[in-house]
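Pasting the structures in now, so scroll down.
Shared between the two complexes below is subunit A, which has subunit B as its partner in the first and subunit C in the second.
Our next item is the complex of A and B:
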């Protein structure tokens, strides 16, 4: 690895804590500025107001927000991520199993959607001007145009109630190879289906656009002119160059891997990160909200870093400002 | 050229539809295979229903949710208590007929002045791990823990406040609760401040249950790690709690009461969308029925109809007024609003008989329920006249009714109520939805003119409704209602030993309250549910009691 690259990565990494501090403070303050707190919500209507007040005091909920924030950060850096107020358990105990479930779903969704989208995009671009191009894109846009809030109950009704092909929702804790891999269970089919279908169109259209652009380039014409067979031109010259800008798109997907879909997970009752995020906000599970936010923003920052660095490797013209200094 | 493009696009969409639907079925069929180890072919998957391969003989499958807490000292809600009463136990409990029965206590003696309860404990009660007998010392520890300020329970002081010294201990002003005395390992003596007819009933609530000191130590309500593997004493053992996925109970072979639990396993499914769909899919043995499905289930031609059951539920849903602020400080204004509400329509037509209209406060099925209570009758003409006489119609117009909710549209019931007031009284009542937390704090602080709320029994006694919700000094009296007459009746009832006279006192108080109308009691919810034919002995109790040990599976 060139020395300049290491320095670049280091500089970028140093900004990570800074970004996290800003993001986490905003999330922290917003959470606590929301009316009422978890002690009040959990107490319901039965408790004595004096008892609630005493517990809030003991749990430090009456302290100024910046004091609470400093305490939170202090605990966080020493590895104490706080207590999920909803489950009354350490946050990591609640979040990690959910993270595993969300990861399984998202990884499969990403693989499936790219496997469909890239060939579909190339296929459509190469058939520009024929009816197959609008057909392919139209076909892919159709599921993408239906909000998951609509498609989820629709598919649930069709596949579960009417056809009886699938269980109605939830997640299986079935083990394979000694690991909980619910993704191999029938219960995973519905969420994967619902999340893959709309994801394809965006990538496919982007890919199609890139391919069309590359097709007009001089070097493609040159390759054709010197008599290379059509498939070789496409695989060696067109697709490889068209894929380049797509890497950015992939970065966003990478960043979203740990963030569950709030709607799909909640509607299907899948105990993933998205469902927890939704629950945590409603129950003022402050530390839970913080953990989800920090996890999400860390993933995002790191994914963007990976994208930038990868770019340098794929395209030697972009060497991260090296050319400028030398 | 343009028409050709249009034809292309339309063709594209049509083909898209065909391919998407075809693709879906393919995906589904191929996905269906790998779960059953490839044994099933797509044809029989449909018939058998999914995931049936791992059914266990004698297993009961229920729909559930992660409880707020599994710690008896901290439980504030029925959702938590439902699990806790099966896993833990206390001195006394309710049987199926809602009588207080001896549980870990074999029997008890009450002193002549009604303030000292001496419990003789059973000698054959072991903790689930069979390591140790439950002793009087365990009870002292458990009850003190629920009361201790260090535990941070919001309800310890609510259910155990009758005991001498409980209050001082709960605010950190005493080293122990003087009213809890360990006479010897098998004898516990509880002294209460004044005679109370509901003290034993309060002891059936989880806050008085016994927990294993060696396991719990000084854990607060917010340190619930131990509750993932609790060492209880109840009819069932918690064998697995996979957060958000499932809770599994297994019978406690050494349970000390008859009947002993016979189910081989109880599985609460915590994840998954609609319980009703899961029931139809044979993934559950019991499910509740809501308004969306009730019509189809009631249809005699529906096979599910034979599995449909309905039972009482001890609760009341009501509209409360802020009786200390105009315009609702005037009882006539409150009565007028009450008389303009057609509860029969609301309960029978609008809510499809899922509920029964409420004339008073005490629900049917509860001791003290008064069938002859004179409620404020629905009479739109008289209601309008009454409101006119007060001359306060303009003040009522635009009043807000506070409710908890997050949906885009407020509850249908409140909208129906508002329509009734509009039509019968010509006043517009606005509905204001608030997030649950904010709603609670506004209710507790009196920031409202009207609100909608429900109340569910902790124990089957009119005291639990009337004294707790409407005595002028109760912290649960949100509407701020204060009547010397009612207070006197309620206080007299607290220690009236004769059951019939006590009920009579409550019924007198209830009638005065209904006439004063600090609330509009709307309806009493009922439980509507489906039970598979092979489930024997299941009844949804009208409130939370340990009832799974009465259930068996006969297949």
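Our next item is the complex of A and C:
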């Protein structure tokens, strides 16, 4: 590991808890500012106001926000993540099976999108100046420009209703708590397809750009000049060097998937973290919202950290210059 | 590192470049078509009150879910709304939200905070950039949903008070509070990228020969920032602002689809949700026209932004020309 990088990573890691504290406080305060709370929602309209008031008092919902927040953080760091008000179960029991489902889908999406995008980007760059280059990129851009809101029902209709290739939704209740999804389940095909399509275009376009830059480099010309066959130049010199900066896209993709999961899971009724996040907000499931926000932000911050460190690792100029000195 | 070296990799445009960039732009048909599509949709949105055949909430219950006809070129929806009119009004919502957000977040907050952080350094820099870290480290959609779900009622009653107090009824008109809430929410997250870009450029340029000589000849900070530094990041700024218009539009459509964004006005998100939302899958076959109208506009807009972004990067990045 290059000198200075370890210290930099350490310094960045130290800021992670700080960021999480600010983010979680904002989410916490926002939750408490809502016009109704979970006690009211769960009690329904026929409950006695006194009963509601008593439950609020018991659960400490009348205390000042900062007192509630400090209490929450205290519980959180000692491993008590609270109770999901919606499911009346410990938050981790609700979240972990869902996290497993979301992760499986997202991992497949990441692997698949990279496996398609990298060759496509290289292919397009090598055919620069011919009609194949814009055609490839255009073919990838078109599906990427159809928002999931539109592509989901259309694909659902085509593949499930019309052609009957895939099972219709049907995520059983059993799957909510603990039963494994299994990546190879046919049900996973639709969400994977819907989330992979938009991801491919971005990576392929970036890869194309990087390959074009590398093709201009002196060492590629040298490799050609000394008589290396074209394929060897491409695989050994061009692709390898173009891939390095691409790795940083990984962090951004992870971030985009976090957001994408909320919409796709809600659309397809997949019992993952994204769907739970949406449900939890609707039912003022405070502890659930907080757990999702903290989980999401942690992943996000770590992904960005990986991005920055990779940049520094790849390009020493950044490490020595402004980028990392902060 | 000497001043010359630090500015060397950033050979940014000289004064004569805007014309050259424009000429390169006009020579690319894809770029011109993409820009025209965006301008057309924005034009439709801005002119909505003039060109929409019907108001957005005119219903005709005798003409529900009708296929396209001469009376209703794009058909009607479940409540007998004219879909052409709904689409035109939705374009207006998209224009208001994306221009409002990009102007307030990208242009105003992003540029001024970026300039401040990069030029002043020190404490201001530290606070601004750490704040940016915080805002860019939350999954945006998640927090936007929380903001919209929790603050909406407070916001509406607050706007009600303002309009009572000032006597300006416009403030509490249907839709206005939710516009402010949505672009306020988006703005909080939207400034970070632009601020980072401006800051990094200013950091590189502040030690360049021409800034040093301007400072030496007694130019004020404001003059250096706006006369010497800002024009040099102009090209990059245009690309980033264009791209944020696209991403804000997508965010707005997603939010209103989920029922947490604008609700009193038609938006493409609401139209899509009414057409093929959960449990309405049979509409794809039975009333295909319902998804065609919003689907066409949204896909055209997003595709145009994607293509334009591609073309602009190609045109402006010096090495890939």
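Just a few scattered comments:
Here is the rule we use: the second predicted complex is superposed on the first by the 280 of 326 C-alpha atoms of A that agree within 3 Å, B and C clash if a C-alpha of one lies under 4 Å from a C-alpha of the other, contacts with A are read in each partner's own complex, and residues count from 1 in each chain.
Throughout what follows, a contact is a pair of C-beta atoms (placed from the backbone, for glycine too) under 8 Å apart; a residue touches a chain by one contact, two chains touch by 3 or more.
In this text the structure is predicted, and so the values were computed from the model without any measurement.
Look at A:186: by the touch rule set out above, it reaches subunit B but stays clear of subunit C.
Once chain A of one complex is fitted onto chain A of the other, the partner contacts of A:282 extend to both subunit B and subunit C.
Legend: residue contacts after superposition of the two complexes on their common chain; A:271 is shown touching subunit B, with no touch to subunit C. Using the contact criterion defined above for the overlaid structures, shared-chain residue A:142 touches subunit B and also reaches subunit C. When both complexes are overlaid on chain A, the residue A:225 reaches neither subunit B nor subunit C. Touched residues of subunit A, counted separately for subunit B and subunit C, are more numerous for B.
Using the contact criterion defined above for the overlaid structures, shared-chain residue A:301 touches subunit C, although it does not reach subunit B.
In the superposition on chain A, contact of A:134 is made with both subunit B and subunit C. In the superposition on chain A, A:163 makes contact with subunit B only, while subunit C stays out of contact range. Residues 34-35, 134, 137, 142, 156, 161, 267, 269, 282 of subunit A are contacted both by subunit B in one complex and by subunit C in the other. Against subunit B, the residues of subunit A that register as touching in their complex are 34-37, 39-49, 51-52, 54-55, 58-59, 83, 85-90, 93-94, 97-98, 131, 134-140, 142-143, 155-156, 159-161, 163-174, 184-189, 193, 197, 267-271, 275-276, 282, 284.
On subunit C, the positions that touch subunit A within their shared complex are 1, 6, 30, 129-130, 133-134, 136-143, 145-147, 149-151, 153-154, 200, 203-204, 250, 253-254, 257-258, 269, 272-273, 276, 278, 280-282, 284-285, 291, 294-295, 298-299, 302-303, 306-307, 310, 313, 319-320. Those residues of subunit B that touch subunit A in the complex are listed here as 5, 8-9, 11-13, 15-17, 19-20, 24, 27-29, 31-32, 34-35, 45-46, 49-51, 66, 68-69, 71, 74, 76-77, 149, 152, 154-155, 157-158, 170-171, 221-225, 227-228, 242-246, 269-274, 277-278, 280-281, 283, 406, 435-438, 440-441, 443-444, 453, 455, 458, 475-476, 478.
If you check the complex, the residues on subunit A that touch subunit C are 15, 18-19, 22-23, 26-27, 30-31, 33-35, 134, 137, 141-142, 144-147, 149-150, 153-154, 156-157, 161-162, 201, 205, 209, 212-213, 216, 255, 258-259, 262-263, 266-267, 269, 277-278, 281-282, 289, 292-293, 296-297, 300-301, 304, 321-322, 326.
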